[in-house]
Every structure is written in C-alpha cells, then in structure tokens.
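Going in written order, the chains are labelled A, B, C, D, E and F, and every chain counts its residues from 1.
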Amino acid sequence: MITEFDTSLPSIRQVQILIKQTTPAEFKLLTGDVLTGRVLWQDPHCVCIVDENSEQTTVWKQAIAYIKPKT
Amino acid sequence: MITEFDTSLPSIRQVQILIKQTTPAEFKLLTGDVLTGRVLWQDPHCVCIVDENSEQTTVWKQAIAYIKPKT
Amino acid sequence: MITEFDTSLPSIRQVQILIKQTTPAEFKLLTGDVLTGRVLWQDPHCVCIVDENSEQTTVWKQAIAYIKPKT
Amino acid sequence: MITEFDTSLPSIRQVQILIKQTTPAEFKLLTGDVLTGRVLWQDPHCVCIVDENSEQTTVWKQAIAYIKPKT
Amino acid sequence: MITEFDTSLPSIRQVQILIKQTTPAEFKLLTGDVLTGRVLWQDPHCVCIVDENSEQTTVWKQAIAYIKPKT
Amino acid sequence: MITEFDTSLPSIRQVQILIKQTTPAEFKLLTGDVLTGRVLWQDPHCVCIVDENSEQTTVWKQAIAYIKPKT
C-alpha cells in the first residue's frame, strides 16, 4: 500500500491542485468503475470525491488505475 | 497492505464517524461485490459491518475500491 | 502484504475465535471463489481451513475480500 | 509484497513440508489459473513447481489465492 | 506499493528516457485498458502521460502490467 | 511491492540465469496476457523482455502470476 505522503511529489500535488481548483476529474478503478467528481480531500489511503448530486464517495487509492482531470 | 492506522487521518476518522453515527454505508469491493451495512469496528486490516439481517461480514481493507455513506 | 500480526487486533482475534469455537466461516476471495470451512490456523500470510470432506486449503490473506462467520 | 520469510511460520513450513514429501499440490492463482505440481523450492517471492511432464513453473506468491495439497 | 525511487534503477531510468526523448509508449493496465502517450513526469506512485489530443492521464504505477515503447 | 532484490534468492537468480542463457520464457500476467521473450534485464520493479520481432516490453513484477522457461 501507499505509505508515503510527501506533498512535494507531483502525484500528491496534482490531487491537491484538483482540490483547490475544484476541477472535476475522472477516476478509473481496478474494478472497472469510472467515478467522476470534484476532490474534497486526500490522505495516504484515500481520495474523497463528490459528484454532481452532492453524493460523496471515498475512493481507496489502492484501487485507482488512473485519474483524468476534466478540462 | 495498509500498515498505518493513524486515527487523525481523514479516511480512518470517516470510518470512526460511521461507527459512532451507525450510518449505513455501501462498500464496493475489488471482486465487484457491493456490501451494505453499519460499521461495527475497524482495525488496520479490516472493517466489520453488519447488515439488515444482523449478519456480520469482516471486509479486508485491501479489497475495498470505495465506500459510499448512505444519507 | 500484511506484515503485522498483532494478536490484539480485532481482525486477528476474530480469526482466533473462529479457530477456538470451530465455527465454520465463508471466505470470499478476490478470484470470486467462496470457500467454506473451519479455521485450523492463521499466520501473517495465510489462513488454513478444513471443509466438510476434511480437505485442507491454505488461503493467502492477500486474496481475501471478506470473511462471513456462519451462525 | 511478502517480505517476511520466517521459516517458523506455519504457511512457510507447510510449503517446506510439501517440498520434502514431494506431495503434489493445487495452486489457485488470482488469474483463475489452477496449476498442479510438486514444489521444488520457495523463497520470499516465489514458489517453483514441477508438473507431471517435468515442466517447471515459477509462481509469484503475490498471485496465489490458495494452495490445496493433494492427498 | 512501490516505495523506492532510485533513479539508478533501469526501470526508473527507462521512464526518464521516455520523458526526455518524448517517445510515445503503450501502457497496459491491470484493468485491461491500454493507454498510449508521451510521458510527462513520473514519481514513486504515478506516471503522467499525454495523448495525441493533449489530454493528460495520471496512471497509478500499482495498476501497470507492462510498458511498451513505440518505435 | 517487491522491495527486496537479494541476488542470492532463487527467484532472482532464476531470472539472472534466463538473462545469461538467453532462454525464452513465458510470462503469464494478472491481466491474463501471456508474453514470451528473452529477458534483457531485471530490477526490483520490472523485468524487460524482447520478443521474436525485437520488440521490447517492460513487465512490472507486481503483475506477474508465473514464469515458465521454454525448453
């Protein structure tokens, strides 16, 4: 599992930027699910997103295949 | 595997809040299973949930894709 | 991988209780397999179960999605 | 990944016994494959098995769901 | 998870070379997805790629099965 | 993830022998893909193989289910 949480790493920073800019992003998971939403917070284990219906989902980082910011 | 169990982390705290508020949540697993229930306890490896029929299931955190609190 | 084996953790204790009480449990694996049996032993890597036909299977913890004690 | 290789652990010992007794075992992998053979050696990462046609396969432990000794 | 980021390792260097040479590569993921693009950056957790339509995707290294540079 | 790279381990040595002997091997991945080729190099994260058409693929060790040397 991901045990580092060095905020100077580009991958951590990128999620921090998504949080600040409230830019929606697409999360493709190892289950095949694609979740879309704004990122509310991240920690070493999870990323919490909120979708258009204001529903929150806490995504386990271990399950993320890729993130695609929507532009 | 998840070896940290820092209760100040948002992801750990969120599960603690689910336990206290007895709010049901939906657990999507890497197997594709979706389990719904109230959280009884968590530790670094597992989350134990109980469903409407009072049946307990111990979910391995390594298998969690996402958690969606039901509101 | 799971490298902790702290017997005070609820998830470790729960399996120890299954061993002592010889209660059968259902193991859902990441492969989709469901194995049912009594737990004979556990260590940090594996859980060994025995089914109704006295056949033993050593399940890798890394492959467990959830455990459901049968009551 | 499995980084411990403590030969006093039951799961490690069980594979050592399979090696000494040249007992064939069934390996179910996360891919769904089932490989059957005698175990030649193990180390922290792998288990090497040989099948009836004397073909060797090095199985990554990370990919093992369960092992079932054939009796 | 991948916690080492030793830039002298061939696998890390190979991605660095892809970045410098702006050579497109094919990324096969554990989800079955195949993503193709130039690599913009890597860190211990992720590789960020940009495709022909200038769309960026941050791929989690944990989800990579293989990389095939296009020549 | 695999963080050890002890060249005295049989699994590491076996891949080193494949490199020296330029023996082709079959790599079954967790995606279900089977890649065949000679091994060019390995490091703690990856194994780089080259196929009959001289195409190189860098396979992530995390994605390997088994290796079968072709004889």
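In this section, contacts are C-beta pairs under 8 Å (C-beta built on N, C-alpha and C of every residue); 3 or more make two chains touch, one makes a residue touch a chain.
On a predicted model such as this, the values are computed, not experimentally measured, just so you know.
Visitor: What is the set of chains touching both chain C and chain E?
Guide: Chains in contact with chain C as well as chain E: not a single one.
Visitor: What is the size of the turn, to the nearest 5°, that moves the C-alpha atoms of chain A onto the matching ones in chain B?
Guide: So the copies are related by a turn of 60 degrees.
Visitor: Per the centroid of Cα atoms for each chain, what is the distance between chain B and chain D, given in Å?
Guide: Between these chains, centre-to-centre, one finds 32 Å.
Visitor: Centroid of chain D to centroid of chain F, CA atoms only: how many Å?
Guide: Each chain's C-alpha centroid was found; their separation is 19 Å.
Visitor: Which positions in chain C touch two or more other chains at once?
Guide: 1, 3, 29-30, 62, in rising order.
Visitor: Using the touch rule from the top, order the ring's chains starting at chain C and going via chain D.
Guide: C, D, F, E, A, B
Visitor: Quick one: in the complex, what on chain D touches chain C?
Guide: 1-4, 9-12, 14, 28-30, 32, 61-62, 64-69, 71
Visitor: Chain A touches which residues of chain E in the complex?
Guide: For chain E paired with chain A, touching residues are 1, 3, 29-31, 33, 35, 41, 43-46, 48, 55-60, 62-63.
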